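Which chain is which? They are A, B, C and D, in the order written, and residues in each are numbered from 1.
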Amino acid sequence: MIRRRPSRRFANLAIGSASVLVYVFFYVPVAVLVLFSFNQARTGGRWGGFTTEWYSALFDNDRLITAAQNSLLIAVVATAVAVVLGTMLSLAIDRRTFRGRTAAQQVVYLPVIAPEIVTGVALLAFFSLTLGRLNDLLGRGAQDALRMGRPTIIIAHVAFCTAFVALVVRSSLRTLDPSLEEAAQDLGANAWTTFWRVTLPSIMPGVLGGALLAFTLSLDNFVITFFVSGPGATTLPIEVFGQLRRTISPEVNAISTLIFGASTLLLVGALVVQSTVSRQRSQRIRPLSRQPRNRAAQARATQATHTQLEGQP
Amino acid sequence: MTTSTNKANRAVWLRLLAGLTAFAIIVAACGDDDDDSADATTTTVDSMPEAPTSEADAETPDADAEMPDAESPMSERCGDPDRLGDSINFLNWADYIDEAVLEMFEEECGVSVTMDTHVANEEAIAKVDAGNSGYSLVIVTDYAVEIMSSQGLLQELDMGEIPNAANIDPNQMDPYYDPGNVYSLPYQYSTTGLAFDETAFSTPPTSYSAIFDENSHCGSSSLLEDQREVLGAALVYLGYDWNEVSQAAHDEALDLVLESRDCVTGFDSANYIGNLASGEVLVAQSWGFAAGIAYLDNPNIRYIIPEEGGTIWQDNFLIPADAPDPYTAHVLINYMLEPDIGALITEFTIGYTPNLTVPPLLSDGYYEVIAGAGLELTDDIRERLVWQVRSEEHSIFAETWSEVIAAG
Amino acid sequence: MDQHSQRGTVSLRKVTKRFGDAVAVNAVNLEVEAGEFISLLGPSGCGKTTTLRMISGFELPTEGRVHISGRDATDTPPHLRTVNSVFQSYALFGHMTVAENVAFGLRVKRRDKPTIERKVQETLDLVQLSDFGSRFPGQLSGGQQQRVALARAVINEPDVLLLDEPLSALDLKLRQAMRYELTRLHDELAMTFVFVTHDQTEAITMSDRIAVMDQGEIHQLGTPVDIYERPATRFVAEFIGEVNMLEATVVGGDGTRTEVLLSSGDRLTCAPVGDSRLTPGVSVVLTVRPQRVLLTPEGGIDSQEHASLRGELRELLFLGDSTRGTVGLADGTELVAVRHNEDGTHPFGTLRPGDRVDVGWRHGTACLVQ
Amino acid sequence: MMAARAARAASGGSGTALRRSAAPLLAPGLLWISVVYVIPGALILVYSFLTPKLGGGVVWQATLDSWEEIVARGRRSDAGWGTVGAAALRGIATAAVAAVPTVAAARYLGRRISRGLGFAALLGALAAVNHLASAYNNYTAVFARSVVWSLWATVVCICLALPLAVFISSRSSPVTKNALLIAVMVSFWTSMLVRTYAIRFLLANTGPLNNLIEALGLDRVVFLNTRFAVILGLVYTALPFMILPLYAATERVERAQMEAARDLGARPPQVFADVFVPMVRPGLTVGVVMVFVLSVSQYLVPTLLGGGKTNMIANLLELQFGEAFNWPLGAAVAALFSVVTFAGLYLTVGRRDQEELL
């Protein structure tokens, strides 16, 4: 039995229960929508029995499927571009000195702090102005006109995704010792090789994290997308928002459940991989963290000391 | 042998790469091309393995070869096959058409319809106003037609291409917003009034007092989230005209709305339908068709046009001035004015059809809802209905409404 | 006893600490006297830090009681104990200046401002950082940070100052300087110091007493001389300095001496460790410091006052200030002798590797441990 | 070896190599963000000086109407000189009420009393400004409300995220940690809209929460379309953005420093205020900025959970850009809103944290 001071036990209990509360808060709405995706009653509020008909209906619902495809496509492209641009930006800001660095940083921070709705209306104004002028200039017929749609959505998404990627990558760059890169260069690697062989692998978690965040933000964006979308570019949030005029259809719950399930599976898979890797690794190196867990490391250190002492005679 | 396999492999790989590049380019640059580009992309990628070495011919020949097949059994409802495009972008109110109609049109005429939806007329206007919206056919409500035509955003309809226009109820033609139907033809129309749960009232309400009078059903009533409808209702309740623009009248109407603000569950144009069905809301200012939808879930729902009056509104087909394919749009309008198609649409929307050939085709179910929910549009009721007018001077509605927004 | 006289004492009574199944500290008894400089010495993982943390209150003993200044403090939370700690990593508050760091303890006790300012200056003077008050810890060197950590603890005038490997992060030169500094502080403050270290030199040079710990137990508690000259266990002997260890079996003896048989076949008589368990048949280890070992040509040892063995000189190593000779005994076990070089002459005369030699030591300088 | 030397010579040594021009790395991303944010932002400012066009958009004819409307127009409903007095009274009352706990806290934590008083005064000033703004005109009223609600949401987010961050970072296994973090993210992967709609259902008058309340023998409570629902929605939406940075900061907290503080006699609340909070401050700042900015411009939450009865700045913008057909006015509101937000952030975040943020 481990004795603990009552106050500390109370604090642990408080922290633990608050955390549980937060997760409950997060997941009750998700549980509701999962439940409703299996609800026979079309209008929510009553339980009309279990059914999977909404899932089969979903596959016949071209609008939702197309919207989901659009969302995914836009998110993938925007994320891909943003990862490259964002990583470059963060490298420039963190590893290079140049005039106007602060100003550059502030521009990068703009998408994070700019109110979404303002960005949305500003982009609507901007695109309607510039696309109109461009079309006049190019004198194109209506058939191949430049217009709002997936390209404009992607342009907008790339911008805020880039900013988020840059911020996340920057944070992992900052924990990376620059002497590591200098060492690589000292060993004869050119800047390019250094980046691919040393810098990128070290900041990979940051890059992946940034990509994940960017993907999520792009997938879920409603306000900005709403203002810059065009023909054939309806994304899932916009489609769902349109449906809210009546009551949300069970198919929407079904597709949300599917997305939720897929992302959970994906992330749980990643977690399993990570845990396997870390278990393998921990057989070699154990974390040197806190007192009670420390014993293995201490035991090894003891051995080392002994060896040292015994090695003398 | 080995070499050739390698070569073949490499070729496949290169083609795949090219395909993917094409994919990326299509995605990044040509989201605006005429076909649904998701389909176009799929075709390109699919055709990759068997496509010959040249990349130029990857796109058209197959499609062209297939087109006549699709066209040959084409009915006369599809207009001139030579002028008909193969796809069209269509902007409609959300949840306002049976999607089967679009599939039928595609099957019958070989035109794929990409429908996008809007949730406000203003949204549709803004999209078209931005220029090169890509939409050949747009559906908006009455006053929006007037605004768009005054801005030169619309092109005149060629009635020669829309023979079915002759089917339209003369009552619904020649509206105030488009005299002579130069730019628009009616799609569906409905009214705005009150919907209520019959069981909650000993005597059915006949007036907006059911909402504006604090004592009745406080906490279970709802007003639309629409400045014109709410303020209009308040104005007529106070004895003014629905389209009144005087400051004094608006001051009074504002006070009334702000008072009832604490009583209504919300200003809500969407959720009240479900709430009526579930009993959470007992009386609501409502679109006519919405009362019908609520009735489907809760047969106790009734709809009235209050004695002070209500609005009539009509959604319309129109073709933007810069529509990429006006001809196909005309064909689609004509198609949707076919009796069977019109019936499909009206059965779905539970609105009123302006198409005189449609009523005989509507199901008993439809009439049951109309009769049961009290949605019949008699001449007596028609007299109480007004059209909402929208011009510069009506900006006072927005000013008054911003007070409502500011209040909470 | 009145509490005043007990101020500064620490008493651990059968204190045990378990983490899950692992026993970190096992039924330790320790009485620390007021004003004493005591070191807990042992390898990492021996339980010394856990012991210290039970005194500071960051760990609760699983069993046993902790008394500080005569009062049972087992259940007193850390902030109410009259002890202060200097942490291994210093744990300085990076967001506060040096002066704010030092003032922290007084500030949370809500002393008045002038007092705090005065005492902060005094304490900074004491650790020779008078002019560094407005700097941030990040701007200081390791040694300076160390002294801030000291000042931050001693300003509270604790009954007992706990130091957890405070010198381990410093380089050799600084470490030596800080050793002196700590001793000086201890003398000036007349405070009880409990010092945790794995470095025997630190413990031996600074402490009044040393508790050598291993596997959660105190193997020996004594003055540095005791620990060095008369290790109580094989572990202590091995851990402190260099030592020759010869396997042996007790073959006889009385109350004053013990007769053992070495693995090399030699019979020796030793002073007993006062351990009654040394009955004939028990196997023991004979320990003797290389500095105590005499190395002479054959027959050069007076066997009356010395124990002596015969062997062959295997190796001579010149170490600068001393020379080290390794002797192989009959069964091959080795014995090391170290002699100081004086006046540049060879301390072992003309002996060369391969010579037959006698090795021996004065009776009483070797110890038997189990 | 030779190769290494040659490479170093070619690049002019590693130091110079790192000092090469930043332009190629910087230009694409910076240009992109500028095109999407800076230029349209400037355009919005231009629009605010133009004439509205019926049907949306602008007529390119300069006017100050929009700015006059925002700055000079009074509120019809409850403006008046009396409100200034009322605002002052309210400010003083708030400060007085707030002073009790803040001074007590300052004393308890061993801080100067003046700091507690200062904080109370700040709250009082905020209340007074809020009162004034609410009465001044429609725009300032909605503005003030958005800010106050977002501040509440931020406070609630801190209160929820802090224990969770501590909880996660005190798990020993990295796998558990990641699982818990991912659990925060996964819920985030389901459409915000749909989840907000689910909250709507939960809070409805006939919804599960009210059924529960009734089952407990209490009266049903109107949650929906109240400020409670809206703030709850704001918290729900923005919470992950508080948890993640706060967790990252908590991970970096050195346990030894907290122990040192306790060792020096600080009680747990003092350790929290004097050591823990300063140490997690960078993460806290990031979280506060994110939550505040996300909340203050929220559109979906007040629309879905406010039911038109409880509105925020985005609803006002929607009115102007939508039904009101007054883009210039909307642009002016947006411009003012952005300027005030940026200025506020700049002033509150401070230099040191800014470095931390950027």
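Methods note: a contact is a pair of C-beta atoms (placed from the backbone, for glycine too) under 8 Å apart; a residue touches a chain by one contact, two chains touch by 3 or more.
The structure presented is a predicted model; accordingly, all values stated were derived computationally and were not measured.
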Check your understanding: Among the chains, which has its CA centre at the largest distance from chain B's?
Key -> C
Study note, to complete from the structure: One chain's C-alpha mean falls closest to the whole-protein C-alpha mean, and that chain is A
Check your understanding: C-D or A-B: which has the larger count of contacting C-beta pairs?
Key -> A-B
Point to revise | Whole-Å gap between the CA centroids of chain C and chain D | key: 56
Exercise for review: Quick one: report the Å distance separating chain A from chain B, using the average Cα coordinate of each chain.
Suggested key: 35
Exercise for review: Would you kindly tell me how far, in whole Å, the mean C-alpha position of chain D lies from that of chain A?
Suggested key: 20
Study note, to complete from the structure: Per the C-alpha centroid definition, the whole-Å distance linking chain A and chain C comes out as 54
Exercise for review: Would you mind listing the residues of chain B that make contact with two or more other chains?
Suggested key: 126, 129, 271, 278
Revision key, fill the gap. Residue ranges of chain C touching at least 2 other chains are 77
Point to revise | Residue list for chain D, restricted to those that touch at least two other chains | key: 57, 204, 206, 268, 321
Revision key, fill the gap. The chain B residues in contact with chain D across the complex are 120, 122-123, 125-126, 129, 144, 147-148, 150-151, 153, 219, 225-228, 251, 254, 258, 261, 264-268, 271, 275, 278-280, 390-392, 395, 398, 401-403, 405-408
**Study point:** Sites on chain A touched by chain D in the complex
**Key:** 7, 11, 14-16, 18-19, 21-23, 25-30, 32-33, 36, 44-45, 85-86, 88-89, 91-93, 95-98, 102, 104-119, 121-126, 128-129, 155-156, 158-160, 162-163, 166, 171, 178, 181-182, 185-191, 212, 216, 219-220, 222-223, 236-237, 240-241, 244, 248, 252-253, 256, 259-260, 263-264, 267-268, 270-271, 274-275, 278, 287, 289-290, 293
Point to revise | Residues on chain B engaged by chain A in the complex (per definition of touch) | key: 24, 27-29, 31-34, 36-38, 89, 91, 93-95, 99, 114-119, 126-127, 129-135, 269-271, 273-274, 277-278, 290, 293, 297, 322-325
Study note, to complete from the structure: Note: in the complex, chain C contacts chain D through residues 56-58, 77-80, 83-85, 87-89, 91-96, 104-105, 107-110, 152-153, 156
Point to revise | For the chain D and chain A complex, residues of the former touching the latter | key: 3-4, 6-8, 10-11, 14-15, 17-23, 25-26, 28-30, 32-41, 43-44, 47, 57, 160-161, 163-164, 166-168, 170, 172, 174-175, 178-179, 182-199, 201-202, 204, 206-208, 236, 239, 243, 248, 255, 268, 289-290, 293-294, 296-297, 299-300, 304, 313-314, 317-318, 321, 327, 330-331, 334, 337-338, 341-342, 345, 357-358
